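Structures for review follow.
Both complexes shown next keep subunit A, but they swap its partner, so subunit B is in the first and subunit C is in the second.
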Partner chain A sequence: MKLKWKDDGTLKTPLARARGLGASHHGVSHWWHQRMTAVANLPLMIWLVWAVVHMQGWTYIEFTAWLAVPVNAILMILSVISVFYHAALGTQVIVEDYFHIEWMKIAKLIGIKLFFIAAGVACVFSILKIAFTG
Partner chain B sequence: MAEFTLPKNSKIQKGKSHDVAGKDAKRKKTFSLYRWDPDSGENPRMDDYTIDLDKCGPMVLDAMIYIKNEIDSTVTFRRSCREGICGSCAMNVDGTNTLACTKAIEDVKGDVKITPLPHMKVVKDLVPDQNHAIAQYTATEPWLKTSSPPPTRERLQSPEDADTLNGNDGKGPAACILCFCCSTSCPSYWWNEDRFMGPATLMQAHRWIVDSRDEATGERLDELDDSFKLYRCHTIMNCTNTCPKGLNPAESIAEIKKLMVTRR
Partner chain C sequence: MSDTKKYTTRPLSPHLQVYRPQMTSVLSIMHRAAGYALALGTIMVVWMLVAAASGPEAYGAFQDFVGTALGKFMIFGWSVALFYHMSNGVRHMLWDMGYLFKIESAYKAGYLVLAMTAILTALVWWAACPGGY
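The block that comes next holds the complex of A and B.
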């Protein structure tokens, strides 16, 4: 596929190349969601680190009992969603920055999204299972 | 992946040395200049010119003009105003993108190493190909756009509104001279210059977005609402660090991002 913005030695004008395929009109959503999850991550991660430090020496039963408390389960689910969504957005930027072979870039972007969705669903399911069935 | 090494035919080699300072020169200085001639088929090289600073002016550009006039007329570089307002003599001096005409020789310790603006194609020696960067600037339609009937006199603007362009210290976005020192210092622009507009162009876009007389603000923002055109900026701040005019392109980009969120 010939991309309009590529400097491929064809006779297109510099302006045609600079305009490329135009604006996608989706830039601000990505940026805003990344900032929102960053703000959410701050208190959630402080809580998570504080909680993990407290868990030192706990048995499995003690831990599952702690996670079954609604406030802990809710905060844990929020942490998982916020962190994984933030990580998916961040890794997407890294791939877009550094991968310039188009098919490889698209494959990586799809892989990243699917990985974080699968990991997120697995974590939320595990938390709910412990919360509801112990 | 991004390319981190130079291709074989771009590897820089050691060039010739010219010492014309003379034995009794009190203030000797060596200038190491990047040389590449597209017609020779040879790799680029660094040529050294040792001169007597008492025979030329105080700025790096003065020394370069002395070298071109007195030693080697084939040295090729752009220059025009020699007072920091045209932006022609933008190049990398001593590791930082700057204007050769406003960079004092005495501010450089040791030899003065001069290379073209980074990550642009080289036309010859210190002359980079700026076609794409200037086309990106053109793509932002950098002129006043209005739908209201034209007034019979000047388009009025309050001093406060003028300050958003000029800055109350004269260092607002309208003070940018488009030398592209900032864009070529930006890693995001190095890796994605085909789609990212770069700090210089975004600062100019900001200049029109905040102009109280302009009526196309929404369209201008629409054109920048793109993961690459605007949001490749990761606030690295090289742009603001390197700007030879002391301007703040990073702040302009942040202001555009704020406006994008405000109108959501």
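The block that comes next holds the complex of A and C.
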């Protein structure tokens, strides 16, 4: 069949393409970021569990000395960013699925975003403070 | 329209309660529940790191809480949730890549996920116990 528009290999009509990235206007980016962070979380969480197992009976000095080691600080920052982003995306979907009163849903979605941004900043700052000042 | 109810009472399509729970649906709900529990668990991570950055007293308060029965129970719960969400997450990844779509494979992978959760949880708590390994 001869198409009236350029065949770009998708099944989208020109109207669908003109309207952009679907009802949410951000296409599959949410889905894709969920998967990317999931892939990153897998080795990071295995590392974190392995590290926490060794923390049995550690004192404050031992814990901060461990966190000040560059590789530990770097992996911890990566873990915090990847896990918190993954959690923000996941909890967003839960709210979207179960809360149908619009203002309540939007309030919860804003709350989730702000919580994970604040939590992430708090964690990264704390890790850097320990790493730089010991 | 004064007597119009805000929420309609018309019959809904067949809903959750009419379906017999199946392994696939139960594991799916558990994946979400575990993920939600883990999201709440981030509060503990924030507490741990901010306390450590604040000084020995604040970190001591965190350690004291972790040492209580409630603290240990919460950590244990999060370890189960993490290993389940992690194992089942791999199952989801395989679906995304186009594998395990036969009912039989989906079930087999589901049982494997449950077994992995039990094995990893047992392994980690055995290793974490004093003199464990």
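A few notes on this one:
To be clear about the criterion, the second predicted complex is superposed on the first by the 110 of 134 C-alpha atoms of A that agree within 3 Å, B and C clash if a C-alpha of one lies under 4 Å from a C-alpha of the other, contacts with A are read in each partner's own complex, and residues count from 1 in each chain.
Throughout what follows, a contact is a pair of C-beta atoms (placed from the backbone, for glycine too) under 8 Å apart; a residue touches a chain by one contact, two chains touch by 3 or more.
Being a predicted model, the structure only gives us computed values, none of them experimental.
Judged by the touch definition given at the top, the superposed model places A:Thr64 against subunit C, while subunit B stays out of reach. Of the two partner chains placed by superposition, A:Ala73 touches none, neither subunit B nor subunit C.
In the superposition on chain A, contact of A:Leu15 is made with subunit B only, not with subunit C.
By the touch criterion defined above, A:Val28 lies against subunit B but remains apart from subunit C after alignment on the C-alpha atoms of chain A.
Once the two complexes are overlaid on the shared chain, A:Ala119 sits against subunit C while remaining clear of subunit B. Contacts of A:Ala38 after superposition: subunit C is touched, whereas subunit B is not reached.
In the superposition on chain A, A:Tyr98 makes contact with subunit B only, while subunit C stays out of contact range. The part of subunit B that touches subunit A in the complex is made up of residues 1-2, 131-132, 134-136, 138-139, 188, 191-192, 194-195, 222-232, 234, 257, 260-261, 264.
Chain contact summary for the complex, subunit A toward subunit C: residues 35, 38-39, 41-42, 45, 49, 52-53, 56-57, 60, 63-64, 67, 76, 80, 83-84, 87, 90-91, 94, 116, 119, 122-123, 125-127, 129-130. Of all the residues in subunit C, the ones that touch subunit A in their complex are 32, 35-36, 38-39, 42-43, 45-46, 49-50, 52-53, 55-56, 59-60, 79, 82, 86, 89-90, 92-93, 96, 124, 127-128, 130. Listing the residues of subunit A that touch subunit B in their complex gives 5-7, 13-15, 17-20, 22-28, 30-32, 93, 96-100.
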